């Protein structure tokens, strides 16, 4: 396809394709298989288009824009523009959306009620389309339009199994929180556009529109709005409820891509849209980012529901993105373009990396849930035998999310560390201390993540099956394995050749105001172009060393005279069974004890004895973490609102006399008003 | 910054030589510490070469593996070994340059060691025995707690030198000559604690014990035997030597050869050996003078080191 | 003969025919046919206006400018819808032996009569006639509210009538005072009360008298529009009235009353400048939105929910007008248009659900209606999205315009409060409707298990209305848009 | 005694009737008081018709007297007789307090009436003052009276006030409008009466304050 033509019609064409796909799907609703293939096929087609557009923009460096639709009645024009930044997020979206769609073709068949397939399929399309429009919107109304549409579509997908109370609740929570966020955005955008006298992003986000306190206020509004979507603590409470409730492939999309919509907003508006950031902004972002990272991984660590766990780790990664962006903003405040560029690059790279491995992990989780019919870690075990491929891919994902070298997770964390250290190096004064602090906390985060995913993989895939469901687990069909294979491969690929990513980023960074992309990266390696040659890494080269090590180990250990002997594991005298295995909660117990202050766990042990207290029949033990934010922030808030509402009931207590009284009061009041004024 | 082929070949050659050096000396260090400990307790202690004997023995023995275990169980020790060995290529030992320093610096080093830990901890869960789980859980816990302190300690020196690359760092230190800054002491103390924790020494862990409730590292190895066990033991020995060398590089790199002149190499070999020996004495002293801490007291220890590192940072840069 | 008189005569005749006895089929056909013709006539009038003419009758006592034309078309449309839906509605009640001959007569007589009154309101240029017409709508709706003759319906009817009459007394006083403000400049006879006459001699009006008159008129017609704090009759009335009548009230009467408010506002704007009545409207509108919000959060009855939503919407329109400026006015009128298109869907779906479960209380309907009445529930969800101003539906755009006007105008703080209220409103609606529609299907041996939903004429009407509303969201017919713009010009003081 | 005094006297009389209605406990008396009030209104209209020779006002006066002074009171009494409820009025507020409030309302009415072009003197001023006060007093009656009939009466008082303004201040409302309005009022009262009967038939009481099932 001719590049120019692509640039011109790419986005609208994608939208049209999606619309057609939705229409056909709904028409074919009765014929389940057909509608499924139409919906997902259409989605794949559209994603391919958008990815093509995105890549051509990234290469060309010039943005592709146009008018999508003019609302005749209100005269409002919805226009789009694929700037390099949008292109980056679009590409990430497509990179995940295409495999997910392929995966879903097989997955929906098993895991979505036939009656709902058409519905879910079209919602899938609408959601993706909306996210694409969010990334490409170039005026307020378009953005809010897409934003709201995205929320609604996602909410419907979350409520797919609306018979369960939990998913209803999740959908509602998600809807409410993101709607409040949208309200904030609406306010911010409208104030901004009123000040700019125009509703188009280029003129609104030129950065010279607002000043002083209004600017800070507007920033706050935007930050709230986008932080809710990005799942930044303390606005994250919806995320662990909503992401698991959706069908797994959709959860994959939500966790890996949807939250980046919030990050996109933070980039587009908060960081680069309101002028040079004030000191407070960067501090807010990096502080809350750090908190999210720690909190997210800590909560993830204690989860026993696989999908919930992944959702919490999403919060962690969102925190890392925010941290990088915050560092970049601080650098811009101190006018260190090079540093700002680096930090922004770290954040953007993490957007991609996180999308890849989180998508992979959620797809894997989907396969596991489909294979076993449960989401509880304690019910898994020994899955590696039954589902070898899923296991392998999941392992790759786990290692990558744990930030281990040679995999992509390492790269973005590496970049973030660089940014933080360079930040300390270049910023004068006392405020520099926050850099090494967040660095240390980042280190803690990644180590905890490693612990967390050792637990996840070990408990669910290794040792003995802990339930008949796990024992009878079955491997997923190829259509579901291929996407995972692709994503796993890209985990490794991006890990070994990060230069590719950074090259892709160069045009994005060049397009952002206040940044100064220098020779940040070179083929196959990363390099700090900073005052002092700080550090560099060539994963491929080190990979060879590691390979050498493995080779040595192999040579050393295979030269045994005797064959290998297989024996049952020693079960401490008794015979070994799943009941004696180490459980997930036991695994995370030490950390729970260490971080009591944050978890505030409650435990109750009751021993049931028959004959005498010394001969215990059974011991019941239950322990749970206190949902801090739900209990101390959102609960009271909700109660307050409802309390006010209930209090106002008396206004409409059914007494006609009172009603007439209102009119009397109004009449007297207005009469006096008139008399005073006239 | 991309190495040419020739540079690459040279780098890998050096890396191999250095790895071999470390591999050969690591068991010696382990036994040395054992021996010194024994002597402090008025025991005879093992002969210096005991480490080698053990390894040789283990390599000759057959490997007994659990029926429930999968390929992860087998892969674990090998990755652990590979990580430890390849990590040696990232730190300067005799020459003031890490063989593979183009490939990465401190962060890569830490990451690699984390990779090894990840592999071993995962593999330990594979046999289904409770001990494996216990060991891996505790090991990951302590590692997680140690990580920030380690990073912070490393950052202090790295920021002083303005680089995260160990080679550059050492060269910077050498160029500066013998300087002393009070923060060095704090940073060193902090890092030393971490090294103790990471290498599974008393008071954090007791390599000598196999008592269910106390063992951490050993609990992970409980199901391993023969060559598998040998690999793990050897790798952890190398890891220990690596950590001590790291301390040496960061705080007392004097006498290290700047080139490949034979004489300088010999000198730097002797210097290195001496410094490691001193550190080994320190480790032995800590081991003999402390009792093992309860697991839940370890965070306090680690937080002390964290505090030290942060203090070092502040007094260094403010 | 004059189109206006035709447009008034046809529904009147229909009402007369329907009010008398006669076979059911015949009545149904007359009502639908009559109101169809009426709608056609309204459109014809609109086109005559768009053709450049200013249709009028009785030396301009009846006069159709842009505003009137818009309201006419909307009222005609709603009348037709409610007639079609009403046929099916009454049929269903007949099946259940709930309909007495009296009811039949009232129903087929009052709905066209109501439409007649609405049209009279919409096209009357004479403040006196306006008042009389509004009074007629009140009288007509009383019997529609007490249609089912239950205790609660009587209560609602009584409250409505007392408050309504009080409001009308105020409106009359307002009219009288406006007339008095003219101090004879308005001339003698019938035409002296003509709105156009007021506008012409605006400068000569005595300011104080005028102010007082405007205040009373706003209170009076505000009562009919359901602006807070005169809104209190609305929830009761909407709950009790049969759904077809409910639609007439929620859209027809609302538009009509808003029309009256606009006329008064324009007189005062012409004489005293836009801020006086504008600020009053703004205040009352904001109050309405704020009052509606909490009651939607804690609502226990589906139709009352809709009532509060219409209170909210009239508030939004008042805010749009009150904000002043072309953008605000246009937004408000567009909002009126889209609201008239969207609300019927809500009422029809809700009415169907209520009829299936023979109650409109949430606890009686229970949760998970999707599994019992998919079409109605789907429509209800759709309508909820429309009514809460979610994209891609029309009200989203009109609310956008109003908000934009607000933030770029002199009242950003007010607009911010308004915005917050909108957000909470959405949450409330999502909660209520979500709890109603979603959820596990009811177990079959439940005593409240509803009748199966059948695709009769009323359901078909609802579907058609939904389709129209959705299409109009993206493509508003050019002539209708032209009407909206013309109405905006009128509100901005043009011809 | 000239006509303006007569006008003021009648107006004052109307106000007094209003006060008496507030103070009154017996239902029938209240109705009669309303009748007197309407009669006075008629007189006012007639007087103005004479003085300003606006003959159409005679018609107004006639309609008012015929309808409000005769027809409606008779109709209401007939309703009461038919449903034979007790003839006591039980207000929410006791009489003294109510009278005080009404005093305040009168003050408001008079104050506001000073804003009119005639300012604070002349007949018009008194007419408007009385009218506005009666308006507010009527609403106050609606708020405080429990019986449906009394609420109707209060409503009619309000309308009387409006009519007083109409005849007093305007140069005569157009005839058509006047007739329409009058017709509407009578219809409204009839409808109210019908409703009252249906209410009583269902609730065995005319106490409006019991109609409070519809909440929230």
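Just a few scattered comments:
Here the chain labels run A, B, C and D in written order, and each chain numbers its own residues starting at 1.
Convention: a residue touches a chain if its C-beta (ideal position, glycine included) is under 8 Å from a C-beta of that chain, and two chains touch if they have at least 3 such contacts.
If you're wondering where the values come from, they're calculated on a predicted model, not measured in any experiment.
The minimum number of touch steps separating chain A from chain C is 1. Among the other chains, the CA centroid farthest from that of chain C is the one of B. Comparing each chain's Cα centroid with the centroid of every protein Cα atom identifies chain A as the most central. Looking at C-D and A-D side by side, the one with more C-beta contacts is C-D.
Between chain B and chain C, the centres computed from C-alpha atoms are 79 Å apart.
Centroids of chain C and chain D (each the mean of its C-alpha atoms) stand 31 Å apart. With centres defined as mean CA coordinates, chain D is found 69 Å away from chain A.
As a whole-number value, the distance joining the C-alpha centres of chain B and chain D reads 100 Å. Under the contact definition stated at the top, the residues of chain D that touch 2 or more other chains are 112, 115, 135, 139, 142, 151, 208, 211-214, 216. Among all residues of chain C, those that touch two or more other chains are 158-159, 162, 166, 208, 212, 235, 295, 298.
Residue numbers of chain A whose C-beta contacts span two or more other chains: 649, 652, 656, 660, 663, 667, 671, 674, 678.
By the definition of touch given earlier, these chain pairs are in contact: A-B, A-C, A-D, C-D.
Residues 1-3, 8, 12, 15-16, 19, 59-72, 77-79, 81-86, 89-90, 100, 102-108, 111-112, 114-115, 117-118, 121-122, 124-130, 132-134, 136-138, 140-141, 143-152, 155, 158-159, 162-165, 168, 223, 226-228, 230-231, 295-296, 299, 306, 310, 313-314, 317-318 of chain B touch chain A in their complex. Every residue of chain D that touches chain C in the complex is listed here, in rising order: 112, 115-117, 135, 139, 142, 148, 151, 155, 158-159, 161-162, 165-166, 169-171, 173-177, 180-181, 184, 187-188, 191-192, 195, 198-199, 202-203, 208, 211-214, 216.
By the touch criterion stated above, chain D contacts chain A in their complex at residues 92, 105, 108, 111-112, 114-115, 132, 135-136, 139-140, 142-144, 146, 151, 208-209, 211-216. Considering their complex, residues 382, 384-385, 395, 399, 402-406, 410, 414, 417-418, 421, 424-425, 430, 432-433, 436-437, 439-441, 443-444, 446-448, 450-451, 454-455, 457-459, 461-464, 522-525, 527, 532-539, 541-542, 544-550, 552-554, 556-572, 576, 578, 580-582, 586-591, 593-594 of chain A touch chain B.
Here chain C touches chain D in the complex through residues 126, 128-129, 131-132, 135-136, 138-139, 142, 146, 149, 151-152, 154-159, 161-162, 165-166, 168-169, 172-173, 176-177, 179-180, 183-184, 188-190, 192-193, 206, 208-209, 212, 235-236, 239, 295, 298-301, 304, going by the rule given at the top.
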